[in-house]
Amino acid sequence: MENKSHIDLSVTLGGVRFKNPFLVASGTFGYGAEASAYCDINGLGGIVTKSVSWKPRPGNYPRRIVETPSGMLNSIGLANVGVHNFVEEKLPYLAEFDTNIIANIAASSIEEYCDVLKHIEANATKNMVGYEINVSCPNVKDGGLMFGTSPDLVDELTRALRKLTEKLLIIKLTPNVTSVAPFAKVCEAAGADAISLINTVVGMSVDVFTGKPRLSTVTGGLSGPAIRPVAVAKCYDARKNSKIPIIGIGGITSAMDAMEFFIVGAQLVQVGTSNFVDPNAANHYKDELVGLLEKKKVAKFTDVVGTLNIEEVTKALGW
Amino acid sequence: PGQFVNVLPKIGFSDPMLRRPFSIYNAIGDEIEIIIQRHGRGTDILADAKVGDVIDVLGPLGSPWQFDSQDYETALLLIGGVGVASMPLLTKHLQASGTAFLSYYGARTANMFADEYLTNVVYATDDGSKGYKGTIIDKLRNDLKDGALKAPKLFVCGPTPMMKAAIAVSEEFGIPCEVSLETEMACGIGICQGCPVPTTEAEAAISGKKFYLVCTQGPSFTKESIVL
Amino acid sequence: MENKSHIDLSVTLGGVRFKNPFLVASGTFGYGAEASAYCDINGLGGIVTKSVSWKPRPGNYPRRIVETPSGMLNSIGLANVGVHNFVEEKLPYLAEFDTNIIANIAASSIEEYCDVLKHIEANATKNMVGYEINVSCPNVKDGGLMFGTSPDLVDELTRALRKLTEKLLIIKLTPNVTSVAPFAKVCEAAGADAISLINTVVGMSVDVFTGKPRLSTVTGGLSGPAIRPVAVAKCYDARKNSKIPIIGIGGITSAMDAMEFFIVGAQLVQVGTSNFVDPNAANHYKDELVGLLEKKKVAKFTDVVGTLNIEEVTKALGW
Amino acid sequence: PGQFVNVLPKIGFSDPMLRRPFSIYNAIGDEIEIIIQRHGRGTDILADAKVGDVIDVLGPLGSPWQFDSQDYETALLLIGGVGVASMPLLTKHLQASGTAFLSYYGARTANMFADEYLTNVVYATDDGSKGYKGTIIDKLRNDLKDGALKAPKLFVCGPTPMMKAAIAVSEEFGIPCEVSLETEMACGIGICQGCPVPTTEAEAAISGKKFYLVCTQGPSFTKESIVL
């Protein structure tokens, strides 16, 4: 599983080195243990853990998932073990692996976000390199969507959290807004180290025979290849309108898919839904990436980041 | 016995995208057999696969039937339709361990039984074309009433209404009962949290969990632990 | 091609009778002539014609289309013949068919919208039953997106147009907003007869080997089955927040798909991208719908509209 | 001759979703033949189809080669690689109408020619394994220089660089030239506007159109009308 090639896949973001740019996305890899039998965890660039809140959450009633064309809807409802179990069991377990751990936090108030972060910070393990703040989970009725759709709230939240940690602070943006540009800007100004995008897109599916929504929460979050073009466009919008580092997420099913994000400007990517099809997916893409970079005759991965060439296409248009 | 595999209908395409779960019907060495009932596009693709086609399989997954529990002497395998898929390996195991068992297998009509790997089978058909005429639940209740079955435990797999009826029967006779569930699944290994089944209040009080995951904690559960 | 069943598929919207609820979407059926060899036009509930502007528009430079997982991106650039040719050639041609024609209008100013509408109104043919106002085309640099992302502009535009016609006035909403609810509300208040949604979702695709965007306009509009869950959710959002009649659009590839929209509350649907795979698609779905309604033992199509049953699912949640 | 069909790789699935365009290689009665070069997932699915598989085909589509134009006496069919696909029917037609013609067919090496339906073929290979050693464009230029070809017109189908070179040659010798284009297509019938080719300024001045649609107004165009 070692990268035998001479191509350097490592990338440094906010002072933290990632051995390669492939992380696994929050909520699609549990806390590591579940997938460890099927995935070479030490080969990953990092693991973003399932959103954790102050108290444990049982999650939503079934039905929680629906397959859709090239995608799936979910309304898991942020089922999680709570921050105490997280620091007592999950972080120590994950500390045994040679990969970066990023703790994703969900909450329904700025205070809760802060409390959860502080509790993790006080119990951080050596490979716990930072936090990803889920301001956008559309599944939870009493929170989530609100934060992520208001630049002011995101600003306030980011500033509050920034004071509490020197580790990586990553704000995970929702695509369910008119433009992500104002959010990228406030995150940059408020001192976040990066933004990650996108979280799931609001979607819905109806059981035609019963006349009922298929998900118990009526609407849910759409993920998978179906949303990849949306995710790439959102990353492009963020890149055009800010300089904050970007972590690309959405429908990645190959190194080629990941490259679209890298070229647009993402320094890291996260693999989500694909883990359900193959829990070792991110490692495969990492290996494929080496081949792609060799073909492109690039010595190190970071040389492709942000190389999008729009001049030639737009010139043709006479803009 | 009771475990399953998660099978990708088509490699390299995203419609359909997710794997489909199937019980392990039979296993010899490295090879496994599954039986597939056509249900939608995924099962159609798999049912139409030809000898030599490469199929991507993840497994074995899930927890086995709790056949080692000490609360019974005679295993009653209660089977409805394609629910038969998890029974051959359970049969093998019971035989190997010398446990007494009987299979109660119901179907609409005689030609719908997949019983090549079963033994000690009591049949029931809706149309009476094989075995008891009526539901297999009725047949089971009659036999339990007769009292000839010694310290029985039900291992049930079939359509939900049948499983509910089986639970009712087990309560009526005060016997242990385990049911094998089907829910939608994405990952099959406990990372998506997509396959919950609500626990009973009593169970939640003990485990602190409002839901169990069918893919890892199941697919089979004791009737006391979950709400069907 | 006659509906031999006893099930009544007709539906009346804003006083206009549609013989069945399947229209073809703007930009996916030309002006009728192109598809006439492959489609039984008289069987359609209606045709929404390609967006027409005051002057003819050549459209964007290639590349204009990219296939994506279960969808496609387009940046046609509102290529159209202009309103003069439209009323001189296209409307008279379409008047020969026994189906409702809805003229879709795109423009870059309220004045242009009004001018185009007035010119059509003055030359309307007998089956020209109304207008669909494209406030949302994300492809055109000098217009489109602006209108559709501002409730105030949509309000002003709708009021201006409402004064000019008694025919159907349908506002076609963009999904590229945080919520469609405020738009549904202003359309209702400003006197529109219906809203149609969704237009395409902003998306992007990158050619990894050249490092260039695949579309000449960098970003484009995503359509097809991939976006159906998004479209259903947007229709649900509009239905929850207003009473204005809804025309559902997005990724419809069967009568089952259309039923999701009907159950959520759409009285009509439009078939878009599917026409590219089968120009007679809408007629097939119409035939399938008869079978579905027979199975459901429903006497008339309108009995299923808006029958979404959310009580039973949400009750389980204890909300 | 010169028309195409639009073929759906897989019926009932949305990945891949769109049809793929292929030239009509040969047509006998109701049956058509196409040849497929593997290029991606759609062509893979079609190339792997087995005898008896049902394939959904829309066509014939597009406008034929302008072989009836009065500006030539000898048709020169200039062919690169899979561009051969539109040539057999053109050959048939020229034969039937008694028009003089020659095919200039270039490939990398001898075993890459698909010439079963061609006659009067001049070959060129990069490695010299069949016919002229070098590009078919060089061979054509040599022959045109010799002046033996009477009032020729070029009908070109091949990779874009070759078509550009062909246009240059035709300008050099002042002879008419038609090229058959490949662009991405969704509908193939003129309703999506997805397949434009820019027109030359001269052409736009006449037609008032800045773009032509390759699917309906093409796939073949005179070199004067479009910008490659």
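Observations, loosely collected:
Lettered A, B, C and D in written order, each chain numbered from 1.
Basically, a residue touches a chain if its C-beta (ideal position, glycine included) is under 8 Å from a C-beta of that chain, and two chains touch if they have at least 3 such contacts.
Note that this is a predicted model, so its numbers are computed, not measured.
Under the contact definition stated at the top, the chains bordering both chain B and chain D are A, C. The distance from the centre of chain C to the centre of chain D, each centre being the mean of the chain's C-alpha atoms, comes to 37 Å. Centroids of chain A and chain D (each the mean of its C-alpha atoms) stand 47 Å apart. Our note on geometry: chain A versus chain C, Cα centroid distance of 33 Å, whole angstroms. For chain D, the set of residues that touch two or more other chains comprises 14-16. Touching of two or more other chains is recorded for residues 61, 69-71, 224-226 of chain A. Viewed as a network of touching protein chains, the structure reduces to a complete graph with every chain in contact with every other. Residues of chain D that touch chain B in their complex: 12-16, 41.
Only residues 60-61, 68-71, 73, 141, 149, 176-178, 201-206, 208-213, 215-219, 222, 224-230, 232-233, 236, 251, 256, 259-260, 263-264, 292, 296, 304, 307-310, 312-314, 316-317, 319 of chain C touch chain A when the two sit together in their complex. Those residues of chain A that touch chain B in the shared complex are 27-30, 34-35, 37-38, 58-59, 61-67, 69-72, 74, 76, 79, 224-226, 253, 273, 275-279. Residue ranges of chain C in contact with chain B, taken from their complex: 69-70, 225. Residue ranges on chain D touching chain A, taken from their complex, read 14-15.
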